[in-house]
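Chains: A, B, C and D, in written order; residue numbering restarts at 1 for each.
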Amino acid sequence: MKIGFIGLGNMGGPMALNLLKAGHEVSVFDLVPALVQKLTEAGAKAFASPADLAAQEIDVLVTMLPASAHVRSVYLGEQGILSTVKPEVLLVDSSTIDPQTARDVSAAAAKQGNLMVDAPVSGGTGGAQAGTLTFMVGGTEAAYERAKSVLQNMGKNIVYCGGTGNGQVAKIANNMLLGISMVGAAEAMNLGVSLGMDAKILAGIINTSSGRCWSTEVNNPYPGVVETAPASRDYVGGFGTDLMLKDLGLATEAAKSVKAPVTMGATAQQLYQTFSNLGYGGLDFSAIIKMLSKQ
Amino acid sequence: MKIGFIGLGNMGGPMALNLLKAGHEVSVFDLVPALVQKLTEAGAKAFASPADLAAQEIDVLVTMLPASAHVRSVYLGEQGILSTVKPEVLLVDSSTIDPQTARDVSAAAAKQGNLMVDAPVSGGTGGAQAGTLTFMVGGTEAAYERAKSVLQNMGKNIVYCGGTGNGQVAKIANNMLLGISMVGAAEAMNLGVSLGMDAKILAGIINTSSGRCWSTEVNNPYPGVVETAPASRDYVGGFGTDLMLKDLGLATEAAKSVKAPVTMGATAQQLYQTFSNLGYGGLDFSAIIKMLSKQ
Amino acid sequence: MKIGFIGLGNMGGPMALNLLKAGHEVSVFDLVPALVQKLTEAGAKAFASPADLAAQEIDVLVTMLPASAHVRSVYLGEQGILSTVKPEVLLVDSSTIDPQTARDVSAAAAKQGNLMVDAPVSGGTGGAQAGTLTFMVGGTEAAYERAKSVLQNMGKNIVYCGGTGNGQVAKIANNMLLGISMVGAAEAMNLGVSLGMDAKILAGIINTSSGRCWSTEVNNPYPGVVETAPASRDYVGGFGTDLMLKDLGLATEAAKSVKAPVTMGATAQQLYQTFSNLGYGGLDFSAIIKMLSKQ
Amino acid sequence: MKIGFIGLGNMGGPMALNLLKAGHEVSVFDLVPALVQKLTEAGAKAFASPADLAAQEIDVLVTMLPASAHVRSVYLGEQGILSTVKPEVLLVDSSTIDPQTARDVSAAAAKQGNLMVDAPVSGGTGGAQAGTLTFMVGGTEAAYERAKSVLQNMGKNIVYCGGTGNGQVAKIANNMLLGISMVGAAEAMNLGVSLGMDAKILAGIINTSSGRCWSTEVNNPYPGVVETAPASRDYVGGFGTDLMLKDLGLATEAAKSVKAPVTMGATAQQLYQTFSNLGYGGLDFSAIIKMLSKQ
């Protein structure tokens, strides 16, 4: 297939490389020349703007951008995708943004005949490189079916979430709960150890009881409990606190728009913000347990 | 074996019955005659006070009481167990109380030569009747080994948590995290549905992602998602909001004693209190999702 | 003076009337004909669009709009103010919006030579009618000086807050603290009364101690403590819970943009959202105390 | 008058000295000899135990102790006050403790004929030395009237709060609101300054608006805003974070006992605990603003 790819950062770069590896013809655009160069060296063709790239003969166009404002401008701006793209091109936005923007841009695309899905990912830069990302896909079933075969070159789980925007909804709902569970896990582990329990024994009990969650089983915040977790390597790598903050910001903002109370989600957001300001924004979000101990 | 049992309420009653069924000789005490009668009809002998019962020839003495104050008075009071019990009797307290009281009473027992374990349970009245409770046991390994064979007549998982009081620590740490995860699950499910997702699809995605926890997989608070969950039968049965409140109260109080911050735990406690005051204290704690929806 | 006024709702309508009463020549625009009619009956001239109105010979143009999106479109849209307004016209936006939008619009105005101030108000519809509003003004000192004489026809306190956008900053910072203090006052009053104190005696002590705040002295949430407070008339009138919610939404959003933790502000926002969803969004925000009592 | 005084620490010591200065005959007890010596050098007589002291011919007996457990043991213990005190002696407990303990001890005193008031103070060590404390007094009106004349030698405001325990209720309700307001003030000041406002201008606006409170007017947490506030001398002196923590602990515990939700109070408690663990427990509680800034 002929695939366009816009946004070649930490996530988008390796994703586009995986498309090349899978044998697709890939055209790319990014504002940063060095990022573009990496891809052209691997065999991609570069174009001068989103509009230039979108004007080519392509089957699918994938975008991977930092935030809602970029998505709006790359799709709807004067030099944007929708100004030149042909109606048969399938549009796939893998950025993590608010559901409303996803829905607005999809509606604009639909108006001129383009199918579009929102397909945010989880799995981090490691998953992007290994091609093991999870994609949460929102859009019509027809669009999902077309997107699936492309996404499978970049990820392992391609999950259909229902109508347009629901990929974003699934991602922020899941990550808000993740953010909450992690602070909860940190508080529970710190409490138990402070009261005299061995951390591994406590984790073992929780993981066979009703408190168990991904944050205690896989990414336990207490050092030494799970060998493969960031907690056991000084919280380096993993899912950065500042990335969790971004997702919690999207979640609480979306919650406001539909008047859904998220007291725990909002509290978690503020605690991660406090922690980030202490200088730890680059550590895995499980490092929040550091803020609970006596210093 | 000859076993004494004090506290024959919703939990203690069926637990004592299971000891009788297992062929033990059981002696009982409770302040409420009707509760005592149920057990004597099933073959137990009744005694007039904890001290009277503790003075008998018994191997093990189990207590199941509502709160710390009762445990203190039943063990340490003038007519209490320690005033008459023989040094070879193993003491097992299955009440859910604060770790400090558990440690104080155990220390008093040790002084006069009695082994004692704290062994709070999870599994609810259903588990008590079916003999499928989980016991979280704190005490010396020797005491744990002796207690195990008796507890196995009343439960399925007998988990060793380390030294005295650690059974209580494990229980409150686990249940605090459970209480937090449930509010988080309720917020995430309500947010996703409010933003347009199907509840079952959302739960499916969370349960295969990093947001997964017991509160989304087994006891999902959204009606209709998990057929066997209280949410699918108007939140009747299950683990009552007011019982969760009791455990969160123990957790935040214990946290204060060791200066362990529990911002999410304390927030969850206050939200359940608010919900209980709205008149819902008797419903399963997953009903907290009702407080999030527009009415 | 010749003054234009756009946005004639509950606040803008009476404000424009006060300008007429003060003898100014007033030109108006609103999308709702009935609101326009009230003003034309009182002597104002009506125009067909913001651009039409802005094209007139006027000295000052005041806007009073519901939210940031309206301000952007009324100033920057195709039929917007900046498309026709003459450079000598002073622009005054009294809407309550986020500081960034205020700064963006002011910058656009400055580019074409117009002085502009942001001048959000406090004092409610009562203050708008009585001409006793407080204006918090952000902009250059020169712009503030010019705005002052006009604002004095609609308000009593005209407070200079520093550079552009600072009127909005002052308003959301103050109102966030107000929203927090009110929940705090409600919790403290409810706690004290639940523990056996007389509400008036408790309020008296707090008001002469370190807990005193506007929410205990002037707008005490406990019924019967302050005769003139909404609490003493079933929470009718006053500052609606949903308006407080709007301001807290602006505050937490602005906080996110500058990475300022606002744990208490965010918690208050979620509690008011929960309370609003229970059906009380139209009551004075002090009614939040109703959510604390046993029902 | 002949007055007994038990508990001669940072608060009790200077209070007892003020009674001596006022010409009373003062008998004292404390476990720490050095503290006793200070008072005997100033003219007091020392006794070997609370019971010994209480057995003397005295009119009034004042206690100033660290926590509920000490009050229980000093009054109700084997060598306690009630074991020897004569029925005509007025008992005054100035410790800050939970209302229930205050009521229990008063009831025990009443049983043997002693009038007793709870009379916790505010005003800190400075107020204790200067004799300008505020006393919040709970008890019968008769007991209050008798206590008043003695308390006036140690304080400036003697406030009657109603029945037994209400002195404690007033203190914890006020201080919980104070703790909440202070975090709110810190968040609002930090937010405003982060968004570009001058701290003094912002404080000035808040202090003439609905956000005003003791924490913005008198003890503003932003350095340099109020010259006499701890914030303007690196948060040294004032009311220590750990003392605020103690009072918030009493407040949330008392709230639990009467099922009064205190979401903001509990959140504030946890934030101060987090801040204290960062190593700042000895600074004035307004220093909590340090936890909000980027570092």
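Keep this in mind: a residue touches a chain if its C-beta (ideal position, glycine included) is under 8 Å from a C-beta of that chain, and two chains touch if they have at least 3 such contacts.
All values reported here derive from a predicted model rather than from experimental measurement.
For chain pairs A-C and A-B, the one joined by more C-beta pairs in contact is A-B.
When each chain is reduced to the average of its Cα atoms, D sits farthest from chain A.
Looking across B-D, A-D or A-B, the pair that copies the C-D interface, with over half of its contact pairs the same by residue number, is A-B. Between the CA-based centres of chain A and chain C the separation comes to 37 Å, rounded to the whole angstrom.
Centre-to-centre separation between chain B and chain C, using Cα means, comes to 51 Å. Annotation: 39 Å between the Cα-based centres of chain A and chain B. Residue positions 259-263, 267, 271, 274, 277, 291-292, 294 of chain B are each in touch with at least two other chains. On the side of chain B, the complex with chain D involves touching residues 249, 252-253, 256, 259-263, 266-267, 269-271, 273-274, 276-277. Contact residues of chain C toward chain D in the complex are 99, 122, 134, 136, 157, 159-163, 165-166, 169-170, 172-178, 180-181, 183-185, 187-192, 194-198, 201-202, 204-206, 208-216, 218-219, 251, 254-255, 258-265, 267-268, 271, 291-292, 294. Contact residues of chain C toward chain B in the complex are 263, 267, 274, 277-279, 291-295.
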